[in-house]
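As written, the chains take the letters A, B, C and D, and residue 1 is the first residue of each chain.
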């Protein structure tokens, strides 16, 4: 973030979940304060009310339960901005108090979504164990540490926090799942473009236009702006409009993204800009992955076309 | 559903939640057996393994926590089919044991997402009460009935089941929210077209095609097929493809939907047909809302064009 | 035209044709010199070599024989600009020396395309007359005046020039045909926008791009720019490219046309701007036909979107 | 052509022009009768009235003067069909009576468009010669043969017919120009597909639809049908509609072309099918250029998609 870097961070709690683990990959958060929030709205409100400088909340995938509404909550209320994304592999572990072995495990504390994602592993490795639902991955680790249950399905950070021992690593049935978190701040200038950025938008479309989404995508396609994510959100029919959350390639400072945004502004009932920030690729540093603009769509191409148009308007054909 | 109607139903449990309430709006389910499942995957697996005939699971909105992955789970494994949708208004109530008054309430049991959706009401009406997280709306009602907490935020069905009294109705901050559930069965012939149907699809797109989503939407738009919902789902980058879940207007038996489906089949890496079923409009019976096909796109228009083409191929111009 | 108005005009000759008639509808031409040229290229070369200030040549319809190549000739060579269009109804007359009556006519001088366009009338009214081909409508009138043939099919201006008498008016079989002429000058600032303008372009597309024309039309459609004319021109296959001549609604000074032009510049192998000029509607004065910009596409809408984008880039969300 | 091959041919006359030369490349015409017509309408009417079986008329480029209206004339009246195309390089020669040398030439007979296309060569090689306009390339050759002028610009066939000698070959300024002729018959079954065919259409669009041409192109693009030629034709404004002449890749018997045609039939005010016939590539035999259908758009792909749709409708998901 430009200007003063944030020092007071909130994240979707409780402690010991993937959200905390994601937050701690950010150097400024490692140095600053880190406070868990009970819910995504609570985390975002803390930023809105200046009780915190930035909130780390999940955006995609189902770990932690609160995803899905995050975009709704960002849009609903005083403006907020996404300043950064963190993509984290979902690596569930089975953990227990030190000294326990896998064969002794009779009960496993787990968030329902965590046990669901590991159900193949549980069926094979612990066919006789009972899964006990708890409210979060952090609570699962705490229950194992307190001896309430024999073991826990939790995030690696829960193991560290609760001084547990790992009985089995990477027990999720789909080994390549990831969760995507975003760091949300009050509005300010977006971070500078890196050449591989994401721009997030909320686009509102009037109810009665046939092909309205097609028109939105054409505005993007004509400028070579790709979508990496799209989600329509249900709104009450009485409201008579649709909202789409879009993640696009490129940065608001890029000419082609700017022109696409202006186009959406002109044709849509409303457009909310939610931020431009570096794309996070797991294990790939930004400087290792220069992503050239598509042919004809670089800032230089835009500058050339603008200069050419100025010549035409001045009567200088060539 | 054509053929033998289902008699054994599962639903996302526990008892006393919106899912059970939605299921009981279906006459056949009212007459048949109704078994709660611990998770969406468990509910779907019961159908896949013929332990049940149909599963009622949430598809949109966040009540109950398990939404969002429902489509993933339908697609992942032996084929299933959506045979029906049920759209339910989200009507949270504050309930307590009979005889209690609002002023006495010091603790409120609630699923975290339920308390989040009612946080404005809680702040105004019960500013000093403590919210205690529980694992479901059904568990909240049970906790109030058992006297563990003073009151519960729950669904109307939880009040009935636990013989509670309603202290306040419609306490959600957004009064017009709805949850959409679907009834999932093993594959069979879709229910007949009603003139106002939804067709659900999972569309897989190869990673490296620019504008691939635009191409998908053009296949639909050219046949006058509208989208009512779209969601991209994250896949591991290693997989190198994107999946989109689409809800379209129309029925697989309609010529225009059939032609659009054939077009998607030809251009996409994969297409999974997930069902065609009557659109559920809350409070509107199907016969009250005839929806004419767009100009040029009725089955009669298709028949006319097909006959014309046959004449051309036979050398009969006119 | 801004700057010094043209005083030396050439037109596709010979004298006494529709081209001269069209030229004389322009007040400046009525006051200036008017010289016939033997061909469209000769007329354009006179402007290119500064032997004339402006050339009036046909662009559409087939009267006079030279149409069709006009755009080719404008594009091929030093830049020229279309400064004005003149649309003229095609009103062929049958004319003869004064005193002749229709029943006496045995031979009719006519350009082959003129007699073709009047063949229904000739069959009915002069079934026994012989049509004698001549090289132009002007030559037909001259042949009748010289007594070489009994009558001529010609333009009204040919009647005046050769002091003939009209035997029959409006004898073309299609009464509503028009010919479109353009006034071509050396490059200068286009005439100011009137709110109902035409912009002419030549767009070159690389051979191997599938859907390239669709991409061109999308650039226009996204900015609400309509096409009123399109023509692909054959190029040798060895050249490996296609050229399209487009007439679009709007003026190069309009924001939406400017943005569309910049888009074409970026995606096409080459774009030649050929002029922006008031649309000529026969019998309708410009001030009687205000044409509002499509919703969201006025210059004010563009200004609003540009200001909004500047706010986003500055971090001012609202 | 299927059925009885044509034996009576007409062509745009007079004798000794490129049209006759093009006709004689067709074996059946070499064996049958060949009659010149005074104009394109006259040639087409001969076929309509069964005075001839087939008419060879120019469609593109400007040699002979009558092009451009050919499509209009095909559409206007009883249905006709394009059964074949012939593409001929434009090879103008300078010819004179045997024994003459270039240095003796003082006058050159030429059709105005022919002399226009050779004006660079004339300026360099015969700067002092006078060009005398005549009505056709055939008339030019005849004038040279009769000794009325010293030489003629004409087609190679004019040299043969009039027993002239060639003084200079390939004198057109643009060496790679071609003229495209079509052979027009009464309606019958189109010739069988070769894998590299052209389909010609006239598409009528209602006046008041914004983006109507874009909709037409989308119908084609979605089925992978490319355009090789497009031309809008002026219609009187009173008619309130536009007509576009399109040449598309593929054959009416191809599934993808058939589906695109049916789509156009459904959305356009009117569609006139004008024929499917092998694409003529100069100097390339059809069997040397197999052109595979685009991915997903072969007849086999269509058959696969149709079978898949049938399975879906029967409730067989997989």
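Details
Here is the rule we go by: contacts are C-beta pairs under 8 Å (C-beta built on N, C-alpha and C of every residue); 3 or more make two chains touch, one makes a residue touch a chain.
In UniProt terms the chains read A, B, C, D = Prephenate dehydratase.
Predicted model, so just to flag it, every value in this text is computed and none were measured.
Taking each chain's centre as the mean of its C-alpha atoms, chain A (Prephenate dehydratase) lies 59 Å from chain D (Prephenate dehydratase).
Between the CA-based centres of chain A (Prephenate dehydratase) and chain C (Prephenate dehydratase) the separation comes to 57 Å, rounded to the whole angstrom.
Measuring from the averaged C-alpha position of chain C (Prephenate dehydratase) to that of chain D (Prephenate dehydratase) gives a distance of 24 Å.
Each of residues 218, 221 in chain D (Prephenate dehydratase) touches at least two other chains. Chain contact topology: the protein chains form a single closed ring, every chain touching exactly two others. The set of touching chain pairs reads A-B, A-C, B-D, C-D, using the touch definition from the header. Touching chain B (Prephenate dehydratase) in their complex are the following residues of chain A (Prephenate dehydratase): 38-42, 60-62, 65-69, 112-113, 115-116, 119, 133-135, 174, 176-178, 180, 210-211, 213-214, 217-218, 221, 224, 226-232, 234, 236-239, 244, 281-282, 294.
The part of chain D (Prephenate dehydratase) that touches chain B (Prephenate dehydratase) in the complex is made up of residues 2, 79-81, 187-190, 218-219, 221-222, 252-253, 258-259, 261-263, 265-267, 272-273, 296-297, 301-302, 304-306, 308-309, 312-318.
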